[in-house]
Amino acid sequence: MSYARWFTIYGPSYLNALGWTALTAVLASLGAVVWGCVLLLFRLAGGPWGARGVDAYMQAFRNTPVLLPIYLIYFGFPLIGLPWPAVICGGLALVLQNGAYVSEILRGSFKAIDRVQFDAAKSIGLSPWHTFRKITLPQVLVYSIPSLGNQVVLLLKDTSLLSAITVTELTMQAKLLTEQTGAAYEAFMVVAILYLILVSGTEVLFRVAHRAVRWR
Amino acid sequence: MDTPTFLLLLKGAGVSLLLALAAIACGTLLATALAALAFSRLALVRTFYRLYIYLIRGTPLLVLALLIFYALPALDLRTGPYLAGALVLTLYVGALFAEVFRGAVLAIPRPQWESARSLGLPPLAMLRKVIGPLVVRYALPPYVNVCVMTVKASSVLSIISVWELTFAAREIIERTLAVFTVLGIAAGIYFVICFGLDRVGRRVEHHLMLKGFVGEHV
Amino acid sequence: MIEIRGLRKAFGSLAVLRDIDVDIADGEVMALIGRSGCGKTTLLRCINFLEEYDAGEIRLDGQPLWYRPGADSRRRRVPDQEARRMRQQMGIVFQQYNLFPHMTALENVSLGPRFSQKVAAAEAEDLGRSLLARVGLSDKVDAYPAHLSGGQQQRVAIARALAMRPKVLLLDEITSALDPELVGEVEDVIRSLLSEPIMMVLVTHALGFAREVAHRIAYIADGRIAEIGTPAEILEQPSDPTLKDFLRRIR
C-alpha cells in the first residue's frame, strides 16, 4: 500500500494520536520546568539538608530508567487508592524524572549570574523571595533555553513509552494499526516521520526563543 | 518477597547488563567509523553522517525498535527479539557515541593540531601519539554518560518483548501485585549498575590522570 | 545624621577596620580616600550591612542599625525583615553598576519601590520615569543595560538608589570603571544632588571631584581614620606623613 493511500485512510486516527503526544509533551514539559524551579529553590534556600535531598533525588532519577517510575505510578497508585487515568500517571512520571534534569540545568545557569547582582538586590531591600523570583529565576531560565530545548526533545521522545501503559499516543496508534492491518512496518514509518517533524519543530522553537531575548 | 522472585530479577539484570555491554562495544566500533565520516573531505559523506545522527536522535528509541522488530521478519531475517533489540540499541547508542567522539575531536585546541603537523609526524603516528590521547581525554566523561544511558535505554526493549530486568519486573507485578517492592528492587539494581558505571568511569579518568595520560581535569 | 562608633571588622585574621569613629551630619557630603585595600570600601559596605562587622555601632538619626544588644550581653543581628526596612533608608551605587541585565532601565529603577516598599505599579513607574529624567535618561527608559554605555548604566544605578528616597547615598568608586570621557556625565548627576538635603558618603580616587563636592574628607589608612578635615586641610596641609606620601603619589 502506498503511503499516500495509507495516510488518507488512517490520517484521522494519527491526528488524534498526534494530539495526545503533543499535549502530553507540552504539559509534562511545563510541569518539569516548574518542578525543576522548585527543586532549585530547595537547593538554594533549603540549607545543607535541602541541597542533600535534591542531590539524592537527582541521583535516584538519573540512574534509573524512566519506565520504572511510569510503571510505579501506573500500577502502584491504584493500590493506594489513586486510580488515575494512564496518561496522568505517565505524565507525572515524566515530570518527576525530567524535573530532576531541569533542576541540574538551572543550577548550571545559576552559576552564570554575576554575584554582585545579589548585593544590588539586597541594597534595594528586596526580600529573598522577590530576589529569587525577580532576579534569579528570569535570568536562570533565559540562560537555560538551549539546554532546556534538549531536555524537552528527550521528554517528547519519552512520551512514546506511555504506549506501554495503554495511552493512545502516536506509538500506540502505530502498534494498533499494525495489528489491525497486518502491515509490516509502514505504520511505524509514518510515526517516525511525525516524531522527526515534532522534534525538529521543538528545536526550531527553542532556537527562535533563544534568539528573541533582547537583553543579552 | 521470596527468593525465586529476587533471583528472577537478578537474572533479568544479567540480561540487561549483557545487552548494554554488547551495545556499548558494538556501538563504540560503529561510532568510530561514523565519526570518521563526520570529518570526511567529501560533503556528501558528511551529509550522510549528519542525516544518520538527525534520524536517530529525532526518533524515539521505542519507535526505532518497533520499526526494526517488525521490519526484520518482513526482510525475512528470522531473528528473535534479542538480536533485534541488540541491533537497535547499537544503532542508537552508536549515534550518541559518534557525537561524543566528534565533539572531542572538535574540542582539541587548534595549536595542538598545528604543533603536531609542524613536527612532520606521519598521519598514523600523529593519530596515535597526539590526537588519540587528546580525544580520550575530552571524550571520557561524556562517553561514560552515554554508557549509563545505554543501560537505562535497554529497559525500553522490554516493550518489544525482550526479556530483561524491566520485562521481568513487569511480569512479576502483574502476577503478584507487589508493585512497590518489585519495582523498588528493580530500581535499586539499575541504580547500582548505573552508579557503578559512573564511578568506574571516574576511576579510569582519575587513573589516566595520574599516569599523565589525559592531562589536567577537563 | 550618621554616628559610627568603634567599628571593627576583620576578614579571618586580617583586621580591615580597627576602631572607626566618625559622624556625618545631615546634608553633609563626606569623601573617603586612601590606598586600595585600606578599608574604605569595606566601611561603606558595613554601613549598608552588605558586610557584617565584628564590633561597634552605627546609628542613623539616633536609631541603632543592624545589631541589637541581646540578653546575654552579646549583640544579635536584627531580623532580616527589619534589616531590609533599615536598608531602605540608604541607597548604594557600586563601582561596576550592578544593574539587573534582564530588566530595562525603568524596571531597574522601579523594582525597589514596587517590591520593597509596596508602591503601586503605576506610581513606581512614574517615580522611575521622573528619576531617569533627572539623571538625563528620559530617552533610555526602555533600554536594557547591555545597550547602554557605562556612564549611562551608572546613571541608571544612581536613579535606582534614589528611588528608595534614601536619607543617605553611598557611592563606591562610581567613576573608577568608566572610560575617562564618560566620567563627567556621572559627576554632573552627583553635583545636581548637592542642593538636596541628602547625606552622601563617597569612596573615591578622584581627589579633584572630592575637593569640589565634599564638605569633609576622611583619609583612611590601615583600617583607621588617620586624618579628617575640610578638603583644604586634607589636601593642602596634610599632617599625617603617609597621607603626604599618598597625595604625592596620586598626583
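All chains are identified by letter, namely A, B and C, in their written order; residue positions are counted from 1 within each chain.
By our rule, contacts are C-beta pairs under 8 Å (C-beta built on N, C-alpha and C of every residue); 3 or more make two chains touch, one makes a residue touch a chain.
All of these numbers come straight from a predicted model, not from anything done at the bench.
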Touching both subunit A and subunit B (chains): none
Chain nearest the overall Cα centroid: A
Chain centre separation in whole Å, for subunit B relative to subunit A (CA means): 22
Length of the line joining the C-alpha centres of subunit B and subunit C, rounded to whole Å: 57
Intercentroid distance (Cα basis), subunit C paired with subunit A, Å: 46
Multi-partner residues of subunit B (at least 2 other chains): none
Residues of subunit C touching at least two other chains: none
Residue ranges of subunit C in contact with subunit A within the complex: 48, 50, 80-81, 84-85, 87-88, 90-92, 94, 96, 98-103, 111-112, 115-117, 144-146, 157, 160-161, 163-164
Partner subunit B, residues of subunit A touching it in the complex: 59-60, 62-68, 71-72, 75-76, 79, 153, 157-161, 163-164, 171, 174-175, 178, 184-185, 188-189, 191-192, 195-196, 199-200
Sites on subunit A touched by subunit C in the complex: 114, 116-117, 119-128, 130, 134-135, 138-139, 142, 214-216
Subunit A-facing residues of subunit B, complex: 54-55, 57-64, 66-67, 70-71, 73-74, 148, 151-156, 158-159, 166, 169-170, 173-174, 177, 179-180, 183, 186-187, 190-191, 194-195, 198
